[in-house]
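In the two complexes that follow, chain A is the common piece, with chain B as its partner first and chain C second.
Coming up: the complex of A and B.
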């Protein structure tokens, strides 16, 4: 009796499930019946996270990750490489695990996008068709923004704002500098990749100078009057590197208009600075493929819908990470990862013919003022008036007054965060 | 604390056209903003900038609420003799700042 009852219940369940599928299937668009094709361009924190999230949410989706580099070199913690505290090898990650998870990895550059035909042209002349496209191209450095600062100048005055050879070049220049030399970092106006990055870099370079070349100085020439975690950084400069770090704000004449690579000179409206080591962080815009796709606006960045991350100007194309204008959300690896998951959920929902719900996103940025001195800022964001806005009262920054033990713990959390996010995305 | 930045060439040839740059740090609060409580933020702007050379006015500008913080001026003049440029910024709430720079003309 028991057996027969079980069988009948199972029959009932499978019959009702079939009925449900039939009832649901008819009103859906055609692409929901076959597996939707999603292409993700860019294999950094945003793109790789999005490809994996898509596959996890719906294993039936055909997910392709287009990324010409076989190895990804991460920017978070690359300031430690510059300061001689870390090997660049620890920044490198491959795509083997991503390929093994059922994602097609195409190691070619995407060169064209036909938004009407929904195809991506690749560097070898072939093309791929998509139902939805995700762009996570990161940044392009604007070599037209500072007079004299072009790609050739970057070989003399490194930006080190894309991790890799540039990171090592800046490291080598610091190693070669005499004790008593002047290091100058130029910081751009907002928005740019990693808002606390220039100031963390100043700290960690100062840490190296204090340890190895204590008569040296570091000046930050800034195109802004305020920056992320400002008081925490300024306190750290006073506490850890007294007399060594000087910040020149916009209203103090800090905006660099031009550079002379022949003499390593940085030119402002009110004076010139000649550096032994000049680290020029130029203004930026969305990675080139975003403009090719027609997803950029006159700012050079990509306006997006804050619920789906779909481009405001290019239908069926979503933009995540540093390339998008995410309102109050900063351009960070953490943000890119959070946006990737939100976008993947939205795409899976859209291809199933439903409307995605409004998301909440989190960002946390750790910075190191010294190897054992961490500070952080966290925020929660939600769509409001067509943009991502701060959730009032959520998030916060490290306290201004804290013990060195507290700062050391935050430095540990920073290490743990990096290990966690890279394991999730590439491991 | 207000502070002026001035860029005037230290020397020039008689008849040269020179560029003068100035930047005065100032919040330039427009008067059109409101606090979260709804209370208006009072206007606080620089209203006038003047440059004199050896006592004679050579450049003047009136400033208005739409001008951004830290007003930056760049202007040109012809130099005929050595002397002193004097700069003056006047604004709301009794704001008044001066600066000067000398030039030697050959």
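Coming up: the complex of A and C.
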């Protein structure tokens, strides 16, 4: 199966653009073993990692990365940007090195998928054919889930759950707030991107407030009764920001049912909270292309095979990262990267006509309670009963009792992790 | 000796012409390591593992697992692997550039 229509040259930003266009435009024999065509949609931690891993495992694979943005803005460490501890520029990564490694980078949005014909339609009307497709579309924020919270409301009450302009908007609002103001963060029910993220954000905003606006308060309105690294975060709030951070659980009336952006009000069954700065993290689902591909189930997320990450509903389509339901694995950048490499190995094995062995995967998530106070959660996962399950006896969180030196070391490892993973993916 | 070299040479050519080498597939868990452990030389506080002695890696992992070697997170991770799995991961990492 060849490419159904010629792709215009200027749409490619590959270093070897001309060669890639020629290769794609000429009808290819279906020699899956020597020249399988793999398309990866989504250039974040999952997709970009997967494209690179595929090319490293087998340089003969024809790997195309479809990502409309020329720059990727990373979410991990974006809470530091919100707290004024880091520049947004440090969060930005380009695709030049990926293109230079022999991967065809197509800077267009994928708009349609024909799973039967194995083609991906692009925003300019052209299409690409594949033997295997990898979807790593991240999340879509649900602007239909919380009454009053639509895209217009997000310009007033930022979610800052996709890094970029929203991150900077929340930062600006915190800078403009008077000392003594109320900051409210709303946290969604599970599952959602970055389970410890809202609580790390509370810590780092509190760090900013304690330093610059010490009479201010921060309330977390939560749609849950429990959250990731809970005791560690609660201890850190007590130890580092006494009297400043309040967590309102689901059973205490924390679930926000509606918002009023005109007055910055968050409405719960138990009463209203009017904030000077309202950070609304809404419910989420898999990025839109996953539903277009027929890879989502009624949860809005993508069920996958835990060995190959192939969709349970869409054959030859693999889903990795935040969009997939990976059982016990959380929706983190580390998970997305680990899944990407496992999926790439499985695809290379499948196109070679072999069966992939059962993998094991690792996740490690660091959070900062303060710039020099890191905490972590880790897990080891294996396929079990059709899901990725925790390996019993492994994983868990940082010790509840630990020296500040231990916390400082974890903060340092967090920084190292970010430098290493972004170098592996984009460098 | 010459004959042996020729055989090795031929094997290398044959091996490199295969699309995927079963022997080079990372053993369970190994692909995740590079999330933290840099493949390149950086100013990272986390040690580089690629190309390191397999015995050294396996011994460290065994130490993390039984608690004899202090750690922040590797103790929690090492507990997810058997001796055989740790040896396979160590050998694979040692063989990586």
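Assume the second predicted complex is superposed on the first by the 393 of 427 C-alpha atoms of A that agree within 3 Å, B and C clash if a C-alpha of one lies under 4 Å from a C-alpha of the other, contacts with A are read in each partner's own complex, and residues count from 1 in each chain.
The criterion applied here is as follows: contacts are C-beta pairs under 8 Å (C-beta built on N, C-alpha and C of every residue); 3 or more make two chains touch, one makes a residue touch a chain.
Computed from a prediction, not measured in an experiment: that's the story for all the values here.
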*Looking at the overlay on chain A, is there a clash between chain B and chain C, or do the two fit?*
fit
_Quick check for you: in the superposed arrangement, does A:279 touch first (chain B), second (chain C), both or neither?_
neither
*Classify the contacts of A:394 with the two partner chains as first (chain B alone), second (chain C alone), both, or neither.*
second
*Can A:225 be said to touch chain B (first), chain C (second), both, or neither?*
first
*First, second, both or neither for A:270, with chain B first and chain C second*: first
*Of the partners chain B and chain C, which touch A:252 in the superposed model: first, second, both, neither?*
first
*Partner chain(s) touched by A:167 [first = chain B, second = chain C, both, neither]*: neither
*For chain A, which side has the bigger count of touched residues, chain B or chain C?*
C
*So after superposition, what is the minimum Cα distance from chain B to chain C, given in Å?*
19
*What residues on chain A touch chain C, complex-wise?*
33-34, 53, 57-58, 60, 334, 337-338, 341-342, 345, 348-349, 351-352, 354, 357-364, 376, 378-380, 382, 391, 393-396, 398, 406, 409-410, 412-413, 415-417, 419-421, 423-424, 427
*chain B to chain A touching residues, read off their complex*: 3, 5-7, 21, 23, 25, 69-70, 72, 74
*Spell out the part of chain A that touches chain B in their complex, as residue ranges.*
225, 250-253, 269-271
_Taking the touch rule as given, give the residues of chain C at its contact with chain A in the complex, in rising order._
18-20, 22, 25-26, 28-29, 31-40, 42-46, 72-73, 76-81, 85
